[in-house]
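Next come two complexes, and both contain chain A; in the first it sits with chain B, in the second with chain C.
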Partner chain A sequence: MTAKLETAMEQIEIATGVLVVGGGMTGVATALEVARQGYPVTLIEAGEKVGPAAESRPRTGLPDARRLQDMAARLAQTDGIEVLTATRLDAAAGVAGDFKVWLSTAEDVLERRVGAIVVATEFDTAPLYDGYGLTPGGAVIGQSELEQRLAGDPGSFSGKTVAFVAGFAQSGNPMVMQRIFHCVKALQDAGAAGVYVYVGDLKVADDGLEREYRTGRDRGAIYFKLKEAPAIAASGAQVVIGFHDPVVRQQIEVTADCLVVEESLGVGAQCADLAAILRIDIGPRGFLQSDNIYRFPVATNREGIFVAGASREVRSLPWALADARNAALQVAEVLGDGTRLVPRDKAVVDIGKCTFCLTCYRCCPHGAIYWLSENKPVISPVACQACGICASECPMDAIQIGGFTDDLIRGQIAAKLAQVNGDPAIVAFCCQNSALPAGEMAATFRMSVPAGLRTIQVPCAGKIDLQYILDAFVSGADGVLVMACHPGNCKSERGNTYASWRVEDAQRLIAGAGLEPERLRFATLAANMGTDFKAIVVDMDQKIRELGKSRLH
Partner chain B sequence: MIVAERKPLEEIESMLKGYRRVLTVGCGTCVAVCLAGGEKEVGILNAELQIARKLDENPIELGAACVERQCDMEFLDELQGMVDQYDAILSMACGAGVQFMAERFEDVPVFPAVDTTFIGANRDVGWYEEKCRACGTCVLGMTAGICPVTMCAKGLFNGPCGGTNNGYCEIGNDQPCAWYRIYERLARQGRLEQIMEIHPANEWRNQTPRTLVQAAYRKRKELAAS
Partner chain C sequence: MNSQTKKVMVIGGGIAGMTAAWELARAGVEVALVEKAAFLGGYSIQYACKATDQCQQCGACGVEKMLANVIGEPRIRVYLAAEAAAVAGDGPFTVTLRASGNQPEAIDAACGKGYEKDPAACAAARGYSIHNAVFYKADGGFDPRRVAAPESVEVDAVVVATGFVPFNPDEKPTYRYRQVANVVTGLDLERAKRVYGDVRRPSDGALPKKMAFIQCVGSRDERLGHLWCSQACCPYALRSALATRFKHPELDITVFYMDIQNTTNSFDTFYEQCRQSMRFVRTIPVDMYETEDGGVRTRFMAEEDGLPVEEIFDLVVLSVGIMPGNDNPALAEMLGIGLGAEGFFARPDLLNTSATVRNGLFVAGTAGGPMTISGSMASAGQSAAAVLQYLGRA
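Moving on to the complex of A and B:
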């Protein structure tokens, strides 16, 4: 069955302001792009300055430094952009189209109402001295310190020998190499006597990096690609670097006046706080985005909250600026002309039944639920993705999902089971994002599936209520399959996890009541796994034939 | 709120052994919030009972209802027309609700479907922590908001005892020492001198069921009694 199409719609007003968090170039570009679309922007930056000064990317030798400065300068000349420096996001409430945010400046806490939020913070860098068994000081410095010195007094490197080490204390990264290439050029311009670069991985897969590498080498920089880090002995004002040169096959020693240690490119310090304030999921490496194949690159688990540039991944400047443009497009998608047509019955809370236990609020993976003191919980039709997790967790059955109400689904269970004659009756609850299309594929390819199989479409496995499973057995099912997306593939982040927990619980319950728990099975699929769908249902049919008909008939 | 836990099906089944028509009644307040006895749990319990009894070849006819609060007589009145059709009532409320139900429908056996566990707070979905023993003598004002009756294994009003062990209780390292925590928080709030105030011991012996009438309603109670 497909969802009802005759759903009544209603038009709602939404706020069109946009908050951009982070004043590096990603934030600047986002603010400019969003403003260009005609939406008012508030740009906040924790530091004192916005633009290149708030960047964590190379601070020296930026080939397009002038262009970036000009971009930042355009902020002040663009109507509808409010720039607040030394300002942090303190708190946020509400949902897409109607966020309230509290911004703490040096003097005050400001309140703004916005329709969308873009997090465009920068990454953090830290020299990896430990990874090379070095202590900073004397001739040993970190990459950032070199960049600062080159920006301040490049002449001090005239006639000096400088060596870099990278790609041994962490896996290689084009951005690490880019910083080195920029410094190599600056050192060569300053008249350094020699530049040596020792690398584990020499990664140049980004715009123009190969050219920068070659130009530096042509001007005399010497690169050594080694299997292991060179031996480094620091003694006062110099370092001695010993290594086996794989080309000349000899042990070589080089003395340098300065050894520059690579830096890690990590999650910005603000990210964890921002994730908590904005209730957005954190990915495995600590960045502000969980992996989800259903989302556009800059989207988060919450509608109306986007992440761009280094807040979601360490990205080079061109990629971060592309993110900024993408985020602006996504913002326009959400805000439109300030009105939005939404289905009235997407997710409806029966306020009379609701006991305000906050279970729905706590379980919603999309942060789509908030509450009003006078009106109990509200599910935002803009932010809600209609996965139905809340409806299945509600202890009062007070939430109904349009097209998938309890009455509709329970009616289907009874009606479909009534059609089964003789064969083992198997009810398969199928997530419409994976198992359902997999089943359709099996049917299209004319794979034979058991005659007693009856599928029931759900918007997400998270909608499969414990009671639907028990109902199916009471109504005469010999077996029940709960078919969800693979771990980590759920469109609603945790719907498949909830479903697997409920199946475990239901197995415990039916075993307690005297029914074989093997009659209930949880399986995961992807949409293109028609053959696997067939294998699972055939296996279940086999199992049921071994167990015999349910004694509940 | 009051936190309860669903009884094992086996225990419920044994209570209902001789009954063929049973009305299961949920409670829409504390036990619904702690996911033990709301409308959903009524449905689930009924399905379990239905399966179990059918397999036992002793089928049962089950009714389902859920009232706002079983500890208020007015809400129990809503069941008036239904109760007659059943041999027994299975209440999913806390001990107070079950007793009010039994008092309201004195001719019908009322059985509890949950174990009332404690007065607690909700840490996360389905996760509750005991916070109050309803001792009737709240000392939280002088104990920095940490209840020593609940949190201290000895329920000491004046602690800690000699068994405090690097922040934990002598009964085991999973249990923080309440008085250590109280000391820390009082110190943090700059009112450590309050720990020196001696609080008289509570009278725990010979306790009888307590009745509370809020001051503003004492006259109302007198009127009702006369």
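Moving on to the complex of A and C:
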């Protein structure tokens, strides 16, 4: 077995340094975790300070802020951690195991070689005065200011009426609610006369929040859930809040001494630049992770680049610290002991055929292809996910994927169609991440699938060449199915999209050859849905029976 | 330190336990994965895909993938139908396992006449997933090459990933679950969609025309003393409703709710899509009765004027929440790790929520509190990292 491995595998040297971008608590925790595993870390922070000072999350109510400071202080005491403040990532090149990064400090541009990168930036946060048509000052203050005042002189709220408004200028979220609940408690402890909270939905989907909400309410805080923001007007040193109460169904006015405006929790300003520099996909609302279950919890589309905490989602500090540990775990997985065994033939470019058109470099969803100075595309066996998208897109057919070479797949098509029976011959190209397991499930569970079905495994639907589809029809298929993951569920992000385009192209071609385009169909399904697999193939079988045998035979 | 000698037990083989086991095994640790049921995957291996023309990121198919990882990982020794009976020592720990009494059904008995004759039985007999099929012999017993028999195991650390139980609606008798055929739980709906491939009314197998989802069933309920949001039921109910509506555009769907919780970063667009295709009523229905033709007469307070109204739905789905596991008190006692106020395992350290009150014992997933599949995976990764730190090897 080892002998065989030696011929197919090659050992790659991996740079074991790690770059952590962001010096809030997520970044600090990631750096400590990574360093504990023995990898040298460079932590960069755009601001002047790291630790709680760079943290954008609300810290009210956390067990003790001292522990966060202690954690940050451990950075300096830990061997192998280099902390650079007032430093930004300027540029990056290379692939997992071998990145080169350029860091601009106040004086200098530094260069480092690292094997992995973790982005752990913080939120951008600011009071949403504009969103509520308010100007700060007088009775109108932001959430942070309230927290500072409560920490400094809680007694000043004794006998006062305080109102909060949240969830209208931005959609609600549990972190904003948690901050409000903590302040409600502090105000009640300080002897406030009244506490009112105006929200859209009560977002309580995080640990302990429902209980905190109920406790505050039981102590007299009044919550109004409204469909739109209340009308707020200054009146001397106070504010008057007018709204329609949906419970008593009446217009109501409340006068408060203090109106507290929620703060935004937006993606960090540097994130767009970081995404461009690191060539990672941006997800909804600008966060650095696409909505894709393959990225759970901290992965990006690129091997060796991870995202933790506020760079990827709006969640509380305990979850961000969980991310830090996950990121460190995944970093260790990539870096190992500084060497890695990889298959030699994962994806191989035949330089003799290559015309240096850059197509593969552009279409690789995992950023696994780089360009050498001698004008030559190189595929990193560490970063490559062997999806085969580049192989199918290359205009020169210059790329082959190990285990899924054109010869192997085309040979399989011919062999499977050589066995003829009376049933309509249907070739189903099945993505191994979705349709293949779903099809195996249908078989194992003894669902009745058509007897003429022949499945061909592909690493990703993006590997399905136009030529394979035509081959299948020429070799005797009466129908061809291309089965991929649902849009948004492709491990390689766009493999299913490429496949659907190729099916459209092929439909035009077969129509030109006089075949009914319905003989070729594109379908999407999930790995856990054997019943969907069955429904698709049965439907296809019926369609082909209606159409009869292919006129190519 | 010699990593080969380190061994960890993971109790519970749901998505959290499988993720923890896999991450530990990848890091070189030997893992004993102990599951009480006759299959791996817990509840989430039984859920249906909720894609419309787009994947809705429910995470269900990711559980299949994790199960595939686990069965392909030689460092994980799988014990099925087993549970911990006693724990001795203070790290290392000696854990004595015993049979839980669950056994797989013989495939021929359950499924001899083909899947279509009895889909639910066929799916259950194979543990809901092709990947579980490797554990069984054709005659229904466990394959001894893949499933270890209960024994006494010495381990350096233990991860508790025993999960949750869905709320039992019998505790809310006015919903008449089990008495009215077409009142089902979210779990019933998920299972049915998974094994039949579509929504159907239990009474007659027909496609419903008018459906209702009732949120917060068993959660956020002062009377029951359940002062927590289950976090997963807004996401699962809305995704399931949207997917069903996508498949059957003529279907009329009402969602009764208190507050809608977020899904992912794309929540705003997702929720807007939901609002355009279904009706949202901010009230929780009071009670239900069966009509002669199997309809569910549902009484609630109208949002506009607060007056009671009745409406008949032909399928009502109770969005049951995440409750602490039945074994929690006994396990907490046996393992010497406390329970928190809500009955989940206590996680005393906010800065490391995988730690329990005892060294060497860790918690992962919904055993520690309500969370989604993605949350459970993050929690399990955190636990695996904490275990590695504890083992002093990392």
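Just so we're on the same page, the second predicted complex is superposed on the first by the 434 of 553 C-alpha atoms of A that agree within 3 Å, B and C clash if a C-alpha of one lies under 4 Å from a C-alpha of the other, contacts with A are read in each partner's own complex, and residues count from 1 in each chain.
The rule we apply is simple: contacts are C-beta pairs under 8 Å (C-beta built on N, C-alpha and C of every residue); 3 or more make two chains touch, one makes a residue touch a chain.
Since this is a predicted model, take the numbers as computed values, not measurements.
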item	value
First, second, both or neither for A:Arg285, with chain B first and chain C second	second
Touching partner for A:Ser171 - first (chain B), second (chain C), both, neither	second
Chain B versus chain C as contact partner of A:Cys387, first or second or both or neither	neither
Broader residue contact with chain A after superposition on the shared chain, chain B or chain C	C
Touched partner set for A:Leu509, first chain B, second chain C, both or neither	first
Footprint overlap on chain A, comparing chain B with chain C	none
In the complex, chain C residues that touch chain A	23, 26-27, 45, 47-49, 51, 53-57, 59-65, 68, 111, 114-116, 119, 122-123, 126, 129-131, 133, 194-197, 219-220, 222, 227-229, 231, 234, 258-262, 264-269, 271, 282, 303, 305-306, 341-342, 349-354, 369, 374-375, 377-379, 381-382, 384-386, 388-389, 394
Complex contacts: residues of chain A adjacent to chain C	33, 36-38, 62-63, 67-68, 71, 171-174, 201-211, 214, 225, 246-247, 249, 283-285, 287, 289, 291-294, 296-298, 313-314, 317-319, 321-323, 325-326, 328-329, 332-333, 433-434, 437, 440-441, 444-448, 485-489, 524-532, 534-535
Partner chain A, residues of chain B touching it in the complex	8-10, 28-29, 32-35, 38-41, 43-44, 47-52, 54-56, 66, 122, 124-125
Residue ranges of chain A touching chain B (in the complex, touch as defined)	353, 355-359, 362-363, 393-398, 465-467, 470-471, 473-474, 509-510, 512-515, 551-552
